[in-house]
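A, B, C, D, E and F label the chains in the order they appear, each numbered from 1.
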Amino acid sequence: MNSLWSEFKKGIIAENPIFVLALSLCPALAVTSSATTSLTMGLSVMFVITMNNCVVSLIRNVVNPKVRVPVYITSIATIVTVVQLALQAYAPALYDALGIYLALIVVFAIILARAESFASKHTLIPSFFDGLGMGVGFCVALVIIGVLRELFGAGSIFGVKLLGDWYNAPLIMILPAGGFMLIGYLIGGWKMLVQHMEKKEAERSEA
Amino acid sequence: MNTAIMVVLVMTGVGLIFGLILAFANKAFAIEVNPLIEIVEEALPKGQCGACGYAGCAAYAEAVVLDPDVPPNLCIPGKKPVADEVAEITGKKSAEVEPQVAQIRCNSGIAESTKKYNYVGIEDCIAASLVQGGPKGCQYGCMGFGTCAANCPFDALSMGENGLPIVDQKKCTGCGKCASVCPKHVIAMSPIGEPVSVLCNSKDKGAAAKKVCSVACIGCGACKKSCPYDAITVENNLAVVDGKICLEKCNNPICLEKCPTGAIVPLTEDAKKASVVIKEAAAKAKAEKAAQAAQAKKEEK
Amino acid sequence: MEYFTLFMGAVVVNNFVLTKFLGLCIFFGVSKNLSASAGMGIAVTAVMVMSSALAWLIYNFILLPFGLTFMTTAVFVLLIASFVQLLEMVIKKYSPALYNMWGIYLLLIATNCIVLSIPLINVESSYGFLYSLVNAVGSGLGFALAIVLMASCREKLRLADVPKPLEGIGIAFIIAGMLALSFLGFSGMIG
Amino acid sequence: MMKSFRGGVHPNDSKSYTASKPIETAPLPDKAIIPVRQHIGAPCSPIVAKGDLVKKGQLIATTDAFVSGNVHASISGKVIDVGDYPHPVFGTCLAIVVENDGKDEWVEGIPLKRDWQDLDTDSINKIIREAGIVGMGGATFPTHVKMAVPKDKKAEAFILNAAECEPYLTADHRMMLEQSDRIVTGVKIAMKALGVTKGYVGIEDNKPDAIEAMKKAFSGTGVEVVGLPTKYPQGAEKMLIKVLTGKEVPSGGLPLEVGVVVANVGTAAAICDAVTQGLPLIQRVTTISGKAIKEPKNILVRVGTTFEDAINFCGGFASTPEKIISGGPMMGMAEPSIDLPIIKGVSGILAMAEGESNTGTESSCIRCGRCLNACPMGLNPSMFSILGERGHFEEAVQDFNLLDCVECGSCVYVCPAKRNIVQYVKYCKAQNAAKKAAGK
Amino acid sequence: MAEVKSNKELFNVSVSPHIRSKESVSKIMWTVNICLAPAALFGAYYFGLNAILILVAGVVSAVFFEWAVQKIRKKPVTVKDGSAFLTGLLLAMCLPPTLPWWMTIVGSFIAIVIAKHAMGGLGSNIFNPAHIGRAALMVSWPVAMTTWSKMTTAADVVSSATPLNVLKMQGHEALIDTFGNASNMYQALFLGTRNGCIGETCTVLLVLGGLFLIYKKYINWQVPVVMIGTVGILTWIFGGLVDPAGSLGFFAGDPLFHIMAGGLIIGAFFMATDMVTIPMTIKGQIIFAAGAGVMTVMIRLLGGYPEGVCYSILLMNCLTPLIDRFCQPKKFGARG
Amino acid sequence: MSTEHTPKEYSIFQIAINLTITCFISGIIIAGVYFISHPVAVKNAAAKEMETMQVLVPEADKFTPIEGEEDWYAAEKGGETIAYVVPGETKGYGGKIGMLVAVNADGSVIDYQILVANETPGLGDKAGKEPFKSQIIGKTSDHLVVTKDASNKEDVQAMTGATISSKAVTKGVKEAVDGVVEYVGGVK
């Protein structure tokens, strides 16, 4: 149980896909100008990565290594297409908001990377938790970025106006330039956080 | 329904075509690479310290996999576990790696040493050593600009207030990077747990060494004579302790008491305690002797 | 003229990296040194043009007539992945020199969003064949331009006293932000 | 139009302290500390021992190595020690200490009278080698090595380097005014030995009287005396050749690659002494200057005299000096003490009063590009300092031609951020050499 | 105990050379500040109270941020060298006089903290901090950044737009109309009695300041000359083509207007010569200046913004590392 | 099937069939989901379009497609055509702007809604919001012209800092209106 928890946890903080591994950065910017789209994207990715990890860990023994990558990609593509179809049918507004980036989940490096480096070597349960952890980490990162950008760039979170009319929102936050810079600083901050936690951890283990 | 059937058909078709192409390509363009290299690299600690003698961890990984003569235990920071792992991956036998730590063989801080001149320039030992051999009175001593600390890949060295580097024994992996960058060759790699050592690097003759540093080894050889295990040698006016012998045999570091300048220093807690005991005993003996002498004098009278 | 406008638009005005956030993984991953980034830029452009052409053919002759447009993503990604893998193997076999120069980046490209998104955008905007190719070349060169600029800036900053936590990818993002800010100067110029 | 080279700087020449002071002869020292190494190349080994009696001009240390320079006793007396002593260039060095017996006797056989016109190339070179003559501008490169033209090369011109571009120094200036005969003879001898008919004398135009004197002295010899714009480092060999002949010595090459041999004023005079009178190099003219010196002078001084003695002869210190420099302020070495012997290459001793040397605090490079404009070698010095600071030594060599740097200090002089570029250059060179050595 | 000599008695030893020129970073920076001062003072006088507020806010906040960052990073505090002062001043001078003063502070935060210190502080920044600050404000509050005051002291102008804006939207004829006649317009541009950013209007004072810097050899004359020349020539050739009132044909542009309007003068003399962010060799600097000129004209004539100096310099800043790489000085004695 | 360490020798067919099977399964899954979701998606999309049109022309009780013109609808109230809802397209600052415009039979604008746009947030994207919107509403083709002259009350005042977007949107609306006027004129 403990090891499952650590599989899960590492994806959120120490190996956060966006802030630490710096993988799948496109959505981290493209869809994070509002918290809502960030969350949708995050949940979609979470779903895809968890599902795919499960699928891959189930079929890992019957996949021919020569076509490993195409097979995994097919699996991802199938799941993504399913998500696409579902969103299109049941949440068309979000489907439009995510636009092409929804389709691009297919090529998010993080998903294939987890499939290759984890799920293809582990059984179903750890793979599930690994995927879930990575997915949650991804989602958390996206939501953090989304919330900050929306708060500063529009004075609201999830569309709810938090800052009054006095707040003259700087548009740079919802533009690419501000997004890039914000993530740069978040990555720096995250690094400090991880280091701080590691230090704490080391101190605890010493004590 | 038609669409659904088409979906299945197209997907299958695509799969078949690409599958065939890739499979064919695999045969036609097959090329062999050794996947072990990557696995070995993964096992290394990636400090990129170069202690193994190769330009970084990847280079060592390649060498250890491809060259049967390259031993698996060259990674010093990784110590035994890594050596075992590499040995297992490459199918080579693992030999014992001697665990080592860096030792600063100069105990002459700001208070103990003289200065030749005011150094004005880049705060770096190698750069300073190019200017008249560095500002320190002793040409063999630590200059204290911290080049070793700056180059430690594991963050194990820091500069103390007295201008000497301090080794964090826990962090030090014994990679030897600091020793290689020190222009004065003050840092030596020594066995972990060595009880005593001569913390001096001066090859000057006694008087000259003493003139520029109050804690210099003057090469008098008193320690050598006192050591029952022949662990100490004196060469070029400098005593050197063979830590291995001390570690194995000695639990009574009498040499500490014999050194007239205090250049031999106890390093472990045990040795420190022992040295206190020895010194007390010596003081006592001295006092007794003095008392006896006084007694004798008295008696003479 | 129309082609030229499209081309220039893709290269500078609507630079995919700096305004649409595509291809960021490579953009940040392979921009540590100039020659690697230049190689990457060329590789991406080449792959993008070839896969755009293939994708356009498949889309317009298979997917569109049979009403299977919702499967575009799945088909394209497979197409590109297989194609790139094939390309990599061919290069590795026949030109190890070329492979060492930029073959190693090919696997990275296989699952890269910019390579997938250009064909997707082409078909979504119902561009013609030639138009698609021009768009692919422009976008590829735009990517190459951005990554080369990025690499030259990062090479320079390698020698700078960047705050510890920002070293590496953090400062790269900040540079990217400033590049994006500068490229805003082109906005409104074309299109 | 006056000829010039690219780059260079215009520091205040500070020559007025001593420019008008005639050369004075310093008293003999009580003891002379004569290092066995006063040149670039292999050190000599002593051939006298403690207790031996030596006479002025006697050979006391020598070696078989070609790139080296013989060492002679500069005073007569008793050898009281052979051991390590402080050295102005190498820190410490084996030296022979001679206690003055006050007699100042020449060793047997010299001075003699010799007509140089009868000598051929080989014998002139042999005399120069035996006399231990080295480049007296400060580089101390053995002169006989310079004069030895390899078979595959041909010397076309001889250049007398009288630019004396270092601020403060006026020793060459005074010699040109006072001892033009020696210099002219020295040049003629060198030209004969090299088999060249073309000669140049390059003098910076801040010494108009010297130009005048030289023009007069060299009239009718076919040697061209050229006034050069005052600009540091006009006296750097490569710059001087470029300005006078228009040829650029290729990167990493010696002047002979373009058929030129360059020698300093003092060296020419020493050649004259050695060839015409058989005198070895045991004394030199040097400038003692700087704000902290009471009476700055040009003095004729024996090799082995300590800095302290020389300074005392000039009235001692006027104020506590902040820095002691052997050589000029641009390329000379700062010394940790004044207990150092004057050796053949010490063209000046400067005692800088507080604030005179103006080092400043180093800050980060602002990429102003002044160093690029100042660099006579066409390099990018700012990159050396930055790469050195960050530890990219190989890159400095490979991408920025570090090894072409002559360490003239022009870049540091102009740097507004006060960066120690020359130190970084030395640092990078040392690191590279260490890496290379480790690689082998 | 061996005797320890006090530092006083020891000589200083360092590597040669032992004399240095009297130039220093802070001397250069403060001289540039002083050269900018007349134009800034003119702006303060001409645009009134809010402009003064912006100038003060810009300078004070820039210096404060520099101080704060250096304190936090535990680096030596170098606010006295005048570089932060210069950044703040340049930023404030490139802002419209009606901007809320607190936006200036945001701008100088971006300039100092993000554009300068995130990249390692003085000397390492790739982009001109003041221009990054301005560009960031431009996209953050585009309305505030493009709202121009009606002039307070000159009664003869009513338009609330800058001359370049008028040219872009209404054409050359309308532009001259707003000033009455052409000579009025040139006079206004030359003296600075027109709408525009606080410090960019007074051509004559900026040129004088720039000439002083050239005289002091703090900047190379080639840079402003090439940049202004490029803009002049290109606008003369192509300027007439894009007039909203209909194309006037080739060689119908008004180069003099383009040179004096907008931020070209301040940009060419004070921004394109910021040594940190431009190439080091003179060859590279000329390429930089020419490129900046071309970009400026492209943006003014073809782009969405009426003014392009700020972006053109930023764009060339990105190219600086590349230019530097390919424009190294030619080394002495290189064969062939 | 095989473990990591055995030599990897497969026939071409083996490899191909592996991928083929995967794709086959994937095809079945996609087809299945599509089969379920597609009708829902179509229905929702249609409903959304209706909703949008309803917002534009609140009084209408029915929208009927107009034959011969793609995506044109006649808004009807009690069987009478009270307005036309037509798509408009124009090129803005950030590319294509797509919108729906409701036009009175007399050629004045009732309302419009921007559907697809990539204008600068906070500037150009205000073109679909108040107060710019109310300037357009009610205007006829003649006055659908952007002006920068503050005193001109007849025409459309440009949004500060977003002249291009203002012009683009106005142009798009104007074209839609012209189209309707021509259509109506043609019918009559």
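By our rule, contacts are C-beta pairs under 8 Å (C-beta built on N, C-alpha and C of every residue); 3 or more make two chains touch, one makes a residue touch a chain.
Molecules present, by chain and UniProt name: A = Ion-translocating oxidoreductase complex subunit E; B = Ion-translocating oxidoreductase complex subunit B; C = Ion-translocating oxidoreductase complex subunit A; D = Ion-translocating oxidoreductase complex subunit C; E = Ion-translocating oxidoreductase complex subunit D; F = Ion-translocating oxidoreductase complex subunit G.
Note that the structure is a prediction, hence the values are computed from the model and not measured.
A.B. asks: From chain B, how many touching-chain steps at minimum until you land on chain E?
C.D. replies: Between chain B and chain E, the shortest chain-hopping route counts 1.
A.B. asks: State which chains count as neighbours of chain D and simultaneously of chain E.
C.D. replies: A chain counts here if it touches both chain D and chain E, which gives B, C.
A.B. asks: As a test of understanding: of all chains, whose mean C-alpha position lies farthest from that of chain C?
C.D. replies: D
A.B. asks: Considering C-D alongside B-C, which chain pair is linked by more C-beta pairs in contact?
C.D. replies: B-C
A.B. asks: Averaging each chain's C-alpha atoms to get its centre, pick out the one most distant from chain B.
C.D. replies: Computed centres place F farthest from chain B.
A.B. asks: Let me have the rounded angstrom distance from the C-alpha centre of chain A over to the C-alpha centre of chain D, please.
C.D. replies: 69
A.B. asks: At what distance in angstrom does the C-alpha mean of chain B lie from that of chain A?
C.D. replies: Result: the chain centres lie 43 Å from each other.
A.B. asks: Need the CA-centroid distance for the pair chain B / chain F, whole Å please.
C.D. replies: Roughly 71 Å, centre to centre.
A.B. asks: Can you compute the centre-to-centre distance for chain D and chain F, using the mean CA position of each chain? Integer Å is fine.
C.D. replies: Inter-chain centre distance comes to 85 Å.
A.B. asks: Quick check on chain B: which residues sit in contact with 2+ other chains?
C.D. replies: 3, 7, 10-11, 14-15, 18-19, 22-23, 26, 116-117, 120-121, 130-132, 135
A.B. asks: Provide the list of chain C residues touching at least two other chains, using ranges where the numbers run on.
C.D. replies: 70-71, 74, 78, 82, 85, 159, 161, 163, 166, 171, 174, 178, 181, 184, 187-188
A.B. asks: Multi-chain contacts only, two chains or more: what residues does chain D have there?
C.D. replies: 333-337, 359, 364, 389, 420, 423, 426
A.B. asks: Under the touch definition given earlier, write down the residues of chain F that touch chain B in their complex.
C.D. replies: 10-24, 26-28, 30-32, 34-35, 38
A.B. asks: Residues of chain E touching chain A in their complex?
C.D. replies: For this pair, the touching residues of chain E are 100, 106, 114, 118, 136, 139-142, 144.
A.B. asks: Could you pull out which chain A residues touch chain B in their complex?
C.D. replies: For this pair, the touching residues of chain A are 66-67, 70, 74.
A.B. asks: Would you pull the chain E residues touching chain B in the complex into a rising list?
C.D. replies: Result: residues 1-5, 7, 10-15 of chain E touch chain B.
A.B. asks: Across the complex, what residues on chain C touch chain E?
C.D. replies: Interface residues on the chain C side: 34, 148-149, 152-153, 155-157, 159-163, 166, 171, 174-175, 178-179, 181-190.
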